[in-house]
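Read from first to last, the chains carry the letters A, B, C, D and E; within each, the first residue is number 1.
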């Protein structure tokens, strides 16, 4: 079970209130898409679920227990930037995911274990379309290719909870579709709970079983930091039958803003 | 006049051929959208037009004359990353665009000139929706807000040619629409020639008067760098009457790939 | 060879018991008195680092400097700067010594390492001491140690013997268990402290020489006379010690308080012998420079026209003229 | 159990943690001193704290009989003046040359190797030459500091300039900047925080060179005093002087760090702690 | 006219530009030397090149009469050994402590201030204490280098660690890394290029401390020789030795730069020139 429960959570940076009294129950195995305007605190929310930031007030529960206060292998993540390791090749980045988990002393695998991990890594690298680039370092990749690598890396751990911060924001539509096709069956097969922040409503509806929108309900033009974001819209897509794939009803999109 | 002519242009990095014998005539005042898969050389092409990179072979002409071999105020640019100045506030970043052009000694304006520039800067900052953040430094902005700032900064110079490298890739749809609404009339009013690289086909068709797709025509799986990209698809949207705004015929999208 | 008469002169001094009269003379107005008498100006400048003061003199930044006979030969003279020792102030008579923590005689030093300022008079003293005991430098290991650190070095467990001079010698001797194996009183008159002056400057400005001699022997009088204690106390303070310490150092120094004694010492044939020993040592250690083919390379002139070495290249002169004037009251 | 890397002490804990190592060091000294004194009541090497305090108060509060000046104050002022001049010139030279090397490829090609070679010359070894060229006055001391401290600043500033993303330099040019205005408005402001950091890093070496210069030719200054009394191993003077120098250097460092963080807040937003 | 910042000399041009400043310096020396010699044929201060060449060849090829060793070779070997030991230990200590300070907030809080204070102590001033603890032999020379060179490495490595994006450390944890494996697989490899850079930057200071240590107590070594012959102003020995030290340092620097670029190519992709 990996249900996430967010109870009266606030995020404050000094005077600035970013998230205001957030309440959210995320069912185990669901795929939650989070949308909302730029700067409204979506990434901040994700960091709190990850255990990287602590909420200034409120409680976060994972399967009924307080969420571990530091990141662990149960919660995978893909950040907007900086989430691949610049000193490793494409293959090395994915391989590292296996090595870190299995080798507690050197963080390296040898012999048969290494070969097995290497095989799995190569599979993943090919799956995200980086096969021909497997021996390049991230700095030689375009931004989009770097994000694909980060996704492959996170998936390698089969995490219970997967947190994605605009993971596909920099990908072109073809690759994006590939990534969707890779992610969706994995999510279904592994029963991961996924929280994905995205700017693309189509994507949010396409992948998610539930879409929530964050936004400020109140706004003080003199003090922009005075009020924080809350959930302004919450749509359970499973109740409405199959999710539209090539487009979505316009009213949803408008309602979500 | 600001027509751009690309004649037999190649881009090579060592052994790797990125762009292969590119030929393209961009009419003055047109809005050219460039699409294509990740890593195919779109950014490389833009850098050559900008004067930052030189083609390894071939000629680039601006209004019939060889393109100045270094960047200048005639060609504005918004990069994917790093194109705002981290040491200046939001307002300072835009103000800098006026100061650099007008003050050759200190790069600073004073008195009435500064007040005028400040006014114009404030207008632009508000126009891109950064009004409440005008005194923040870029590091305190989310990725999307940084890109908006970069756009405001480039527009401040009213450049003849505007080069955009996935400028809206990180923006949420609402802001993206605002940016479109800002950019389009400006482009029309100023008669700029715009070249925009984007991953979003909808955006490409929505804004562009012409869409070209780059891709590798030949591919050697053993040596991915063996062949470079060419124009695989070229569509003049002005000939087809009004451009669809909310969607576009599916066959276009598929043909462009 | 500028013959234009100079009006202002600068001499450099470093802390050493035999040279403390110079700063005292400056502080007490003796320098001004004699400079005024010859209507010139004399500036007396302290330099912390002894070698640096000689280097500066050699480079022409000073007109005179306090230095030993050996350093006068090896630095300015070997460097082509013709230098005259116009005042022979004293010789070391116990002021330099070899101290050991363990050894009780020089013979025991065979195969041991010894910390000292290499190529200095300490080194010379060691060479002479070994020679006197039928040994040579090959029998010991010499480790170059900066004079500023010799006291600290002697406290280190792996340092067993040092060669040094006062006031450092006194510090080292005070260490529990330290014994003195040899000192300069056993080679009297070989380590001489002088004031060296640029010969050319002196030739063009004899008044400068006269003033210096006047200053020196006035100061000698002040040290010895009724107010002597006060003068010595001031010198002790200047050299960072107290009267007792300073007097102890003076006791190990044969200071020529009368100019007549100094003249006699300078004119004696023993000085020629001493300088022959010194130049042999210097040549063997390469101190006469790259071009020196033999110990004769640099000529040394003595009172009465005697010379050692190359007569065409006389660069060091022991000249009692001005000391004699003082003795004769002709200043 | 949280991972060690995630254990962040609170405010109080950090203060405590910062103080403890110093207390341990102090205790070790006091014990060592007592032991040596027990073995040799005249030991000069590790004087007890009381003796150092007496010496310090004499040097810091009583005017010297001969000069009438308070020794510690006179020494400190003399040294600080040299230090300020030396560090000041070195910083200026480092900034100007470093920016030129970093921004202008032609200068980089012409001066890069020269600066690299010069920065490898051990300044102490050419000290005699410096004294002869610049004399034994204040100038040669300041020059030694400049020679010792400027080359690393030059090289690092040049590297800092080269690490500014090309995008920014290109962007500045598209905004109409010339080389000069790019330097003034884009490069310089981004280099200044690093410059302050470099000056902080060079405070130690600057003191080193200052002391070396004062040891050889001077009549006042902290280094002069240390070397003067070092001949007699007067550790009751040396240790307080070393502590005083360390304190001065540390305070300078702290002030510069504060300055950097208040003047260039933008450059420190990313700091994790 | 292109902007100065965009003018990039070609390969040949860069070589030429790099050489010219050295030629100018050499010419200035030759002229100065000739002038002084004209005034005093025995001048020791600026010996002509021929004389330096003669001295150098004697020291580099003929065995010394007294010791039977080739002076320059013996000096170089002695110095290089001390330098290698000193720099080696300092680098190791710098890496271990720096990473600990940077990765572990508790260590950072406890050791940060201590290292900052220690790095401000002028090592020369505490030499007497080092002598007593470590003796006057090889050990104290190596220790002086370590004390002089390690603190800046520690501080810089700690800063480098802290500049690794938090995202990466978090990511490593989500991949199942412990603090230790994060250090081994994420932090260390990213810090190594900077470490090499730091060692390069510390070659100069290391030579400085080496020379200082050798000047104080030694019977061989490059610094020993320089300070020994300084006694009789033998610039014909000092200048070639300074040039030799500079050359050694420069070659070391170059080798390390090569090493870094070949071993950590990923870290240098962003370089513009």
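Heads up, the rule we're going with is that contacts are C-beta pairs under 8 Å (C-beta built on N, C-alpha and C of every residue); 3 or more make two chains touch, one makes a residue touch a chain.
Worth saying up front: this structure is predicted, and the values here are computed from it rather than measured.
J.: Using the touch definition from the top, what's the fewest steps needed to get from chain A to chain D?
T.: Each step joins two touching chains, and the minimum needed here is 1.
J.: Tell me, which chains sit next to both chain A and chain B?
T.: Correct list: D, E.
J.: What chain is the most remote from chain B, judged by the mean position of CA atoms in each chain?
T.: C
J.: When contacts are scored as defined above, which chain pair ends up with more C-beta pairs, B-D or B-E?
T.: Most C-beta pairs in contact, of the two: B-D.
J.: State, to the nearest whole Å, the distance from the C-alpha centre of chain D to the C-alpha centre of chain E.
T.: Between these chains, centre-to-centre, one finds 18 Å.
J.: Measuring centre to centre with CA averages, how many angstrom lie between chain A and chain E?
T.: Centre separation, chain A to chain E: 47 Å.
J.: Distance from the CA centroid of chain C to that of chain D, rounded to the nearest Å?
T.: 38
J.: Can you list the chain D residues in contact with two or more other chains?
T.: 3, 45, 128, 132, 166, 173, 178, 230, 233, 270
J.: Find every residue in chain A that makes contact with two or more other chains and list them.
T.: 70, 81
J.: Any chance you could list the residues of chain C touching two or more other chains?
T.: Within chain C, residues 55, 59, 149, 152, 155 contact more than one other chain.
J.: So which chains actually touch one another? I want all the pairs, not just one.
T.: A-B, A-D, A-E, B-D, B-E, C-D, C-E, D-E
J.: Taking the touch rule as given, give the residues of chain A at its contact with chain B in the complex, in rising order.
T.: Touch list, chain A to chain B: 35-39, 43, 80-81, 132-133, 141-145, 148, 166, 169-176, 199-201, 221, 224, 247, 253, 257.
J.: Touching chain D in the complex: which residues of chain C?
T.: 45-49, 52, 55-56, 59, 61, 147-149, 151-152, 155, 167-168, 171, 174, 176, 237-238, 240
J.: Please name which positions on chain C make contact with chain E in the complex.
T.: Against chain E, chain C makes touches at 51, 55, 58-59, 71, 74-75, 78-81, 113, 115, 118-120, 137-138, 141-146, 149, 152-153, 155-159, 287, 289-291, 315.
J.: List the residues on chain D that touch chain C in their complex, please.
T.: Listed in rising order, the residues are 40, 42, 45, 65-66, 128, 131-132, 135-136, 214-219, 224, 227-233.
J.: Taking the touch rule as given, give the residues of chain E at its contact with chain A in the complex, in rising order.
T.: 165-168, 170-178, 180-181, 184-186, 189-190, 264-267, 269-270
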